[in-house]
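Each chain carries a letter (A, B, C and D) given by its place in the written order, and its residues are counted from 1.
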Amino acid sequence: MTDRRRQFLRRFWHSVRLTPIRKRGQDVDHLLGVCAALLSQRGEVSTARIAAEAIAAYDHLNDEGRGAFFDALAKDYSASAADLQRAIDAYQINPTPLNAHALHQAAEPRRQELFRRLNTGAGGTQLLVRLRADLLQTLDDHPERASIDADLVHLLRWWFNRGFLVLQRIDWRTSATVLERLIAYEAVHQIQGWDDLRRRLEADRRCYAFFHPALRDEPLIFIEVALTSRLAGDVQSLLDIRTPVADPTHARWAMFYSITNCQPGLRGVSFGNFLIKQVVEDLSRDFRSLRKFATLSPIPGFRSGF
Amino acid sequence: MTDRRRQFLRRFWHSVRLTPIRKRGQDVDHLLGVCAALLSQRGEVSTARIAAEAIAAYDHLNDEGRGAFFDALAKDYSASAADLQRAIDAYQINPTPLNAHALHQAAEPRRQELFRRLNTGAGGTQLLVRLRADLLQTLDDHPERASIDADLVHLLRWWFNRGFLVLQRIDWRTSATVLERLIAYEAVHQIQGWDDLRRRLEADRRCYAFFHPALRDEPLIFIEVALTSRLAGDVQSLLDIRTPVADPTHARWAMFYSITNCQPGLRGVSFGNFLIKQVVEDLSRDFRSLRKFATLSPIPGFRSGF
Amino acid sequence: MTDRRRQFLRRFWHSVRLTPIRKRGQDVDHLLGVCAALLSQRGEVSTARIAAEAIAAYDHLNDEGRGAFFDALAKDYSASAADLQRAIDAYQINPTPLNAHALHQAAEPRRQELFRRLNTGAGGTQLLVRLRADLLQTLDDHPERASIDADLVHLLRWWFNRGFLVLQRIDWRTSATVLERLIAYEAVHQIQGWDDLRRRLEADRRCYAFFHPALRDEPLIFIEVALTSRLAGDVQSLLDIRTPVADPTHARWAMFYSITNCQPGLRGVSFGNFLIKQVVEDLSRDFRSLRKFATLSPIPGFRSGF
Amino acid sequence: MTDRRRQFLRRFWHSVRLTPIRKRGQDVDHLLGVCAALLSQRGEVSTARIAAEAIAAYDHLNDEGRGAFFDALAKDYSASAADLQRAIDAYQINPTPLNAHALHQAAEPRRQELFRRLNTGAGGTQLLVRLRADLLQTLDDHPERASIDADLVHLLRWWFNRGFLVLQRIDWRTSATVLERLIAYEAVHQIQGWDDLRRRLEADRRCYAFFHPALRDEPLIFIEVALTSRLAGDVQSLLDIRTPVADPTHARWAMFYSITNCQPGLRGVSFGNFLIKQVVEDLSRDFRSLRKFATLSPIPGFRSGF
């Protein structure tokens, strides 16, 4: 590290520590300062530390602060128009693969690098999922922020690629932290407390969820299945906690009666079909008598028995 | 799934099964057919299965086959020139953020989506790391393949972001599978069998590695440290297995005497500095007497005590 | 295995399978037959299988059946009077250590070997703990069964020796299976559902339990602690779910406000003091500000601050 | 705790700390003092701490010290002759079950309670296994110590009951700590280093071991199996590292070619047959083509195919 750089960092941390009582949306200017420092880092040594500072700073923002932050992201973190124009010109003269690649890079908004670097701090992935959830709530009133969303979807599609998702069966031995989230997230057929939840996990019922290694204890999506001897006519009888428990060993039907996306910040980063496919495979292996898989839930393209 | 699609897939799998005895580089045409099918998938349902088929097909290729595959990747999986030109034109007329975003996407080679989809199959991440290692060996003779490499680096930077790496101490309780790889990978100061290895893991020595959740048992990079009472003048005395073991409790120096990147396919996707930084933090916490950290190894920008 | 033995086993299993519809206390005679077979085993090969059969048979007993089984244990599984007399005579003639040892063995009721062999079947340890709980409920009316209890206490003291117990902190990440048992078992200060439970696990509260490797998910004993800035006058304020959460970092008092033995079958096999001692050590290490440990609960010999 | 007791303990720890430079077999008197303190404990609070002190003290003994310790165990830790005579007299007058039980207890050497209490300290189980191994080496010259051995076997039979043993497959993913012990322990067909070991763990070979929860990383016994298409005539061809690897999927024979007891201190506490039985079950489940199980190793009562 050069001396100048060292001095810069020392001043930077000094200023961070001196930050006075929070104001303006609980201090969006502080966050923007940290983000600028994060993007200006050339080595990696301090990246994770500054990213952690930014993550903490985002958590202090209120609605006003987040709005101002999104505006800055849209305005100041786009691709450089000058660089992009240069890359276009070069490609128009000489449309080689490498010039196309350079054009691709010049068109990449600086936000993407910022997001990549935010992810180096502890809790970074979680922050970006939350940040997108916050952003989505403002899009109706601020259509100009759609390009931020496009960038977030882009990166989340990379990071939540099927290859990184881990399927887990949820049962009564699962941590209360996870189970509580299932109760909170289930939107289609609300879970009425712990007894209702338990009824959905065991005996002739199954529940599976996808997790991501960077989001501990956070289900991304979960699906609830009933193993029955015949096609269930309506979901009410499946949900009724008084319906007698059946022996699943000879079940012929697996009824997917509910599927829930847990993370609003992952809207459009679809893994529902992957989940269903994997669960069909696992159930087929565990219950040889199963003959039919069907859904009672409005899952697009998945309605009928198959 | 529409009936036409279903028919297509049925024919596709039929042809896959009929594939005769392998030829032409152990059948690069088969791999290219599978890749085409993979990119043409609109739903997710069969993606992982086709990806697995492609991964297996790549493993059958010989040098000739890999060469032909790389050529196809360079030629047939670039961005569409027509689409890119249209996006350029739209941006030139109206340089809005969304048009810049569309341009960014149009400039993205189709390879990237192919790679993303390959990653949905079991072993996909490992394949892509290996594929890049194979590619790098051919770049000198085939500079026109540099754009493939640029795309691979791009995606590997996303996927091997610091936020997803897991630090683990390596000691004698570590799995033999991992330890054996350390012996194989260590290039700077060769490890002379299991006894030499053990000497580097315990007592006044430490070893740490980064792992990625999708690459089980595969160290990405590892670092070896000696805890000493004074600055070691040369690395030979540290490496000599006859050097007496010292009590690390009162060590003042942590000498990073070797750092090894294990995956040629991750060249340039640097995490060495992150590793050092994290290890410095962990050692400082575990050994309160440490005062100095230094390196004996030619790590760029890391030579002197700090 | 000799042919005769093989024939015996074949007939034995045959008879087991032919066992008609259950009767007499849900078939205590079947259980006694299996126990006889278990004790007559000379090799180990079939021991675990016969033990599993006995464990299943015990589970089918009703009150009448258990009573008959206990009577048989008391009557038919004592030490052999003849053997014991012989050992006494030998010792009286020649009181050597080995004759004392032989006397010790001759005085050992055959029950103990039966119990040891029952423990080789899956779920054996759990069965013996349950069996003792069942037995204890009958002791008032059947004082002649006290010697069975003495034998069970003897073996449980061996098996639940401190050296085999595992301390675990219980928090909200613990499995629901375990948490539900805490709610069910807590007798002193009843837990009012999951919210009340959670309040007792986190922030300025802690909960620890002992487990045994052979009893999965079964807490043996647990203790609840409040970390407070001053001596709490009464337990009600600690239990009140509306009492504000305090920062435990600067707590000076650790108030053990409840300790619960979970297994009636382990009555008198005490590990409460071990638990307290270990928790005091763990808390002292985690919270350097703690100065006083006290109990609000009637724990014999543990009432005052210490 | 009473004040007198507290004073006693304070003096006790004081004396412990003042213990001068070790002598007489590296201070067997210190160990005997600690053992006396351990047995005199009435509560549990200090038991584990004193047990830990005793465990450490035993580790300092040399041959002379261990001999003196064994002599003391034989002489001073037997059953009380007076108590035993009283119990005999009571039983002779009135041979009730409870009097038989009292006699059983009076005949129990005080060693057993000492051993139980030693087990409460960290590493206690390991110590007792080691202590018995040490003792066994002296029995030829000191037949009077046989009663100590009888007591140790008695307690080890309780503690290493099949119900507490855990079966694990050993493969190349196993910790090097465990693998190294296999190399060291295998006596019948010596393992020639890590390559030879690996050949015995994978592909058409399997290796399984029993572990006990209180002895981390310590295999108790392990068995080596070759999966072959036909009965192997001699063990040499199985052991030869140049013998080609076969596909085990269609193997018809499982040849148990070596079984090794790892702990001399557990001699006579047999679990070999349990291990074989469990492994036969596991292999039968994993390899449906297996038809015959045989042994090439001199395992008593297990020689022929079955």
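In the analysis below, a residue touches a chain if its C-beta (ideal position, glycine included) is under 8 Å from a C-beta of that chain, and two chains touch if they have at least 3 such contacts.
Computed from a predicted structure; not experimentally measured.
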{"item": "For chain A and chain B, chains touching each", "value": "none"}
{"item": "Identity of the chain that, by mean CA position, is farthest from chain C", "value": "B"}
{"item": "Rounded Å distance between chain C and chain D, as computed from the means of their C-alpha atoms", "value": "23"}
{"item": "Whole-Å separation of chain centres (CA-atom averages), chain A against chain D", "value": "51"}
{"item": "Between chain A and chain C, centroid-to-centroid distance (C-alpha), Å", "value": "45"}
{"item": "Touch-based graph of the chains, sorted into line, ring, star, complete or other", "value": "ring"}
{"item": "Chains touching one another, given as label pairs in label order", "value": "A-B, A-C, B-D, C-D"}
{"item": "Contacting residues of chain D [partner chain B, same complex]", "value": "172-177, 179-180, 194, 198, 217"}
{"item": "Of all residues in chain D, those that touch chain C in their complex", "value": "1, 43-45, 47-48, 74, 78-79, 81, 84, 88, 91-92, 95, 97-98, 100-101, 103-104, 107-109, 116, 119-121, 124-125, 144, 146-147, 150-151, 155, 157-159, 161-164, 213-214, 270-271, 273-274, 277, 301"}
